[in-house]
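One structure is given below, represented as structure tokens, and several questions about it will come after.
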Amino acid sequence: MSGNSIGKLFVLTSFGESHGPAIGGIVDGCPPGLPLCEADLQRDLDRRRPGTSRHTTQRREPDRVRILSGVFEGHTTGTPIGLLIENEDQRSKDYSEIAERFRPGHADYTYTMKYGRRDPRGGGRSSARETAIRVAAGAIAKKYLFVQHGIEVRGYLSQLGPIRPATVDWDAIETNPFFCPDPARVAELEAFMDALRKDGDSIGAEVTVVATGVPPGLGEPVFDRLDADIAHALMGINAVKGVEIGAGFAVVTQRGSEHRDPLTPAGFVSNNAGGVLGGISTGQDLVARLALKPTSSIRLPGRTIDTTGAATEIVTKGRHDPCVGIRATPIAEAMVALVLIDHLLRHRGQNAGVRPTTPRVPAHA
Amino acid sequence: MSGNSIGKLFVLTSFGESHGPAIGGIVDGCPPGLPLCEADLQRDLDRRRPGTSRHTTQRREPDRVRILSGVFEGHTTGTPIGLLIENEDQRSKDYSEIAERFRPGHADYTYTMKYGRRDPRGGGRSSARETAIRVAAGAIAKKYLFVQHGIEVRGYLSQLGPIRPATVDWDAIETNPFFCPDPARVAELEAFMDALRKDGDSIGAEVTVVATGVPPGLGEPVFDRLDADIAHALMGINAVKGVEIGAGFAVVTQRGSEHRDPLTPAGFVSNNAGGVLGGISTGQDLVARLALKPTSSIRLPGRTIDTTGAATEIVTKGRHDPCVGIRATPIAEAMVALVLIDHLLRHRGQNAGVRPTTPRVPAHA
Amino acid sequence: MSGNSIGKLFVLTSFGESHGPAIGGIVDGCPPGLPLCEADLQRDLDRRRPGTSRHTTQRREPDRVRILSGVFEGHTTGTPIGLLIENEDQRSKDYSEIAERFRPGHADYTYTMKYGRRDPRGGGRSSARETAIRVAAGAIAKKYLFVQHGIEVRGYLSQLGPIRPATVDWDAIETNPFFCPDPARVAELEAFMDALRKDGDSIGAEVTVVATGVPPGLGEPVFDRLDADIAHALMGINAVKGVEIGAGFAVVTQRGSEHRDPLTPAGFVSNNAGGVLGGISTGQDLVARLALKPTSSIRLPGRTIDTTGAATEIVTKGRHDPCVGIRATPIAEAMVALVLIDHLLRHRGQNAGVRPTTPRVPAHA
Amino acid sequence: MSGNSIGKLFVLTSFGESHGPAIGGIVDGCPPGLPLCEADLQRDLDRRRPGTSRHTTQRREPDRVRILSGVFEGHTTGTPIGLLIENEDQRSKDYSEIAERFRPGHADYTYTMKYGRRDPRGGGRSSARETAIRVAAGAIAKKYLFVQHGIEVRGYLSQLGPIRPATVDWDAIETNPFFCPDPARVAELEAFMDALRKDGDSIGAEVTVVATGVPPGLGEPVFDRLDADIAHALMGINAVKGVEIGAGFAVVTQRGSEHRDPLTPAGFVSNNAGGVLGGISTGQDLVARLALKPTSSIRLPGRTIDTTGAATEIVTKGRHDPCVGIRATPIAEAMVALVLIDHLLRHRGQNAGVRPTTPRVPAHA
């Protein structure tokens, strides 16, 4: 399939550059009858939006989404849903120096080598700007998953640089601009970020996404396993360099007797599996983790080459996220929701008549 | 698309259960004119094969692959290549007790919840047996990548439990049954494994795959990024719980000034990117890492339920890998090769005429 | 894949209802470097546009297309091209009666049975309005095919009711509102249409599309043959009930000695094949024909049921095409162009290095 | 997707050349729980088999199919079904002269131009031999459609050269080697064929396929319409040059008042639509027609070129079908069944919860 589409039954296709007239997308395959309106999407877009605190980029994009089709009298029709967000606050002049140089750590060089050309303004198609459409589409998926199946998809910041939340209080997440689930850590995060901004540097982060209420049976082995598709979706977020499910890389030193999650009639006793076995959901909480690299757009000069191949230096001015991880939580939630709804429909397509005689094992014993 | 196919231009579709008559697959989209014979595939199959040391499972499968189509007078024709491996050493009687129970940590429960039924013999379709076909198909990909483009894909064991190779000597990898690149560690690994086998337990592992000679420009943003497709392919290997590219999860604590790889006319100065930026290959070595969980088929009893949902216990007898990571290296290489060739053809399809004026940056300064 | 996408490397995905705010689409996979601007698309949109003569529907849609992404400094970038056409002249009040009834011969009943609901205004998604986006995307394909490969795709009206052009003068096609290639027939067509309009009835038509300059080798047997994909694309145009390649249904009574096209060093001697053999292009002119049914939206009353299932009658008022075939020529050209460019890129992806030693046989001896 | 796969949820991927060791395929996405065994497939394979009368080719292939996976204890498991048919009666020596020449009307020239090479024995991949796998896969689809949904797919010869059955007696179809539904015509067909064989020539044919019991709602507009996918599947059968749905090309001269099928509470009054409106099934009988060209493998000499491009002549010896239409009926049924089951699963995936309030209109008033 085309590289700008994701999903097989519930498909998002997107377009749009950072400094073009607009970004947009098409959601194809949404079941009919779902109550839907622009406010449903705007909520998650506002969570992702730049300029909501001094710790994120200062580009002021209202990100107002329009639904152009696929909804009639307040409900989805089953026909494709067109989404559009006009770009309003692009400042092309900030990038005048960059047209002739390749910013190290960015996609400038790779886009040029791939296409022979690139739109240098704001990173063009490689900019994280287009993730706004993923969040809008993910909001549709989230609503369907919750309304129809009681599935919730929520994420939080599980680490920023050296700082790690000690507890996870789901109610705390929306009370600070970091999506940090541990209120006790917020002051520390703010101080760390202020120091970072002074240094003109950036830092990495880790985000955790948990989906609850996932029924067992989702996933299409052997290649379109649920965990494989989640890895694909999360690694496809700008700046992601690692993805884990359940115990993740900790499994390397685990013994089988520790790792495997016992099943009892009362429920699973642990969740090292992260909710997936053999590529299919178990009914346990789906737990995924992603590692985001520090942005390379920093004020400290970096060595690079120009478009002729000659050595040069670059200093990124303009408005940037010193920690892209801070805004990644809603994007990661959206991607997990898109994968889940796609798998739900695919499973329903092939196995609609299946009624296992074995009772479902509860998520938590 | 169907869950048993991977790739978009170079597509592998596979079939086969652990204890069925045969496993097989179809490789569709291989360019014509590649010299190919069964021996090309057998080499990698033999590397993967069970029973090659006392440290891996004792099931003796010769894994002789037949090429049934797509090759004429020693060269690929461009038509689909049918692959077949007859199953020879299945011992169904070892699984008689398991038909009524769900082995914890395996896919027995999830397959039952998905399909309402399962073939319990040897894990049926969920068994790692089918990875033999992935390795056979990967061998075709590897040959094309190397012969046509000088791209090499090689992997090694980068950690087993607490034991970590201190050096990477590429020539050492094939000299021991672990694919360990540090000869000094082999005795330690053997002792560890012997102790493990005595305990009746299992351990996890980490495998690293490196692809050299990858040209810049491969990858189809924004969703079919090269790293996203690699994550999908590697997470889709049985027992994998984590995937990393380049610096991986270490990026969480890295600063931008440390992480970003400077470009110079002599080459890239470092490789935290792991060979991918913006989802497109840079020309640097492609470096990916996967974490494999310890197998749940161990002699120590485990709590579970039976097919009626009642509590029970299970002890796995029969022949099993105490560390599936030991055989994962050729499978991981195969998956990376399949992704690379697919992206090579996709890139060539859309951008065949592109000639960037910027010279290519060497992989290593 | 999703039902609203067509193509595998060069993919069009579309959205939009007849009376929604806008229709639009995304073209993903267009090679970079193609000079492109909105005027290139507008030309073909104007050829398709309603209200250009008294013989077509009187809805006045300017169909101004905007390019929202994928083009920078006048050339395609290789990133997805977003297209948008705002709907301007929808008159919802004309359809008030139809909301409770199913128009026979239209998709009202089938959309309701599929989705449980429908947007009744102007036929919603089932309206031919969305073909404007196909024409816009087809214009991009046409330009690339011509500029890069000298391939031209042109169509004409080959029959309307009982009236059949006796000659094909390519220069005459754009001189009349019928796309009729025989100037001598135009008066007859006009008289026929005027009588039809008086009767309040409609008529069917046949359109022929010819692509010249197609290189041999396009098509992906055995399922994605070039002719099979063309049949898929043309049968997918609203109102189409039949598709032919080359001699078409005439082959039923042909003998093999008549039908097969001899090859000579000077070229093919005939073209019963229509340019395709074994699902792959031969280099002959690609000739396809489609049969369009008479529209069911006529002033004559028709028997039908209402949404409760009770018998009722319906009379369609409002603005309609008495012969949809009249506007189908640019749509059919667009669809053939979309298939050709997709196959060109797919063929190039797999077989880029192939150099047959056999010289190419000219199209016409 | 790859050219050797068809379908999106229920996918057939095939491989195999006329003179290779075997042909085979993989059916992926078959719902679990369907009773299935090799005899279910063999029945339709025997209907297709060459050598069953003097009127078809004299190559004697038993076409014994083996099911290698995806079935356990007599029922499908939901995992991919591997199919294999060993080639037994290939006589390569019959083709020795053809290696250096291109048979006019065959795919020899086009395969060479596409891939730069070909397997000349028996037409290689372009041979109709591989249709045996389509028939085997179609038998699985047919069984599911019938057992689960009461849908029947049956075809017959509707014309051979100038001879047209006057009536359709479904019970007569299997009583003669032509699949002719009019017993009164059989003697005429036999005489015609005997004369044709004497002449060393061939003739075209038309086959009609009817599917009854199709529920309304199948089809994925706007591109994957049910009729578009049927056109794709049928045009993809070797030798097909035209496809029609319902009234087909007769619509060109029909008026809207004649063509549209009235709906009444007792049912549809006519079936010019052929069972599809707006790309979605109506519940009427699905009626499709295909035109098969006369085979170009005849004893009469034909002008062509050799592989160097020089003029030459060719006479086809060996064993051939003087009318490929005679064996096409089971193949066409199989293809329609494959499309129907794929659409059934796709529709169920997206719209499983939909309950239209409008009652279903019976197929025949």
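Per-chain residue numbering starts at 1, and chain names A, B, C and D are given in the order in which the chains are listed.
Note that in this section a contact is a pair of C-beta atoms (placed from the backbone, for glycine too) under 8 Å apart; a residue touches a chain by one contact, two chains touch by 3 or more.
Keep in mind that what you see is a predicted model, and the values were worked out from it rather than measured.
Q: Between chain pairs C-D and A-D, which one is joined by a greater number of C-beta pairs in contact?
A: When A-D is set beside C-D, the one with more contacts is C-D.
Q: Let me spell it out: compute each chain's centre from its C-alpha atoms, then which one is farthest from chain D's centre?
A: Checked the centroid distances; the maximum from chain D is A.
Q: Roughly how far is chain C from chain D, going centre to centre by Cα mean, in whole Å?
A: 26
Q: As a quick test, compute the distance in whole Å between the mean CA positions of chain B and chain D.
A: 38
Q: Using Cα averages as centroids, what's the distance between chain A and chain D in whole Å?
A: 45
Q: Specify, in ascending order, the residues of chain B that touch 2 or more different other chains.
A: 1-5, 8-9, 14, 29, 32-33, 78-79, 114-116, 125, 221, 346, 351, 354
Q: Please name which positions on chain B make contact with chain C in the complex.
A: By the definition above, chain B touches chain C via 1, 8-10, 29-33, 78-79, 148, 221, 345-346, 348-354.
Q: Can you list the residues on chain B that touch chain A in the complex?
A: Touch list, chain B to chain A: 1-6, 8, 14, 102, 104-107, 109-116, 125-126, 130, 159-162, 201-206, 216-225, 227-236, 238, 240-249, 251-265, 269, 272-274, 276-283, 291-298, 300, 302-305, 307-311, 346-347, 351, 354-361.
Q: Where on chain B does chain D make contact in their complex?
A: For chain B paired with chain D, touching residues are 1-5, 7-9, 11, 13-17, 20-26, 28-29, 32-33, 66, 68-70, 72, 75, 77-82, 84, 114-119, 124-125.
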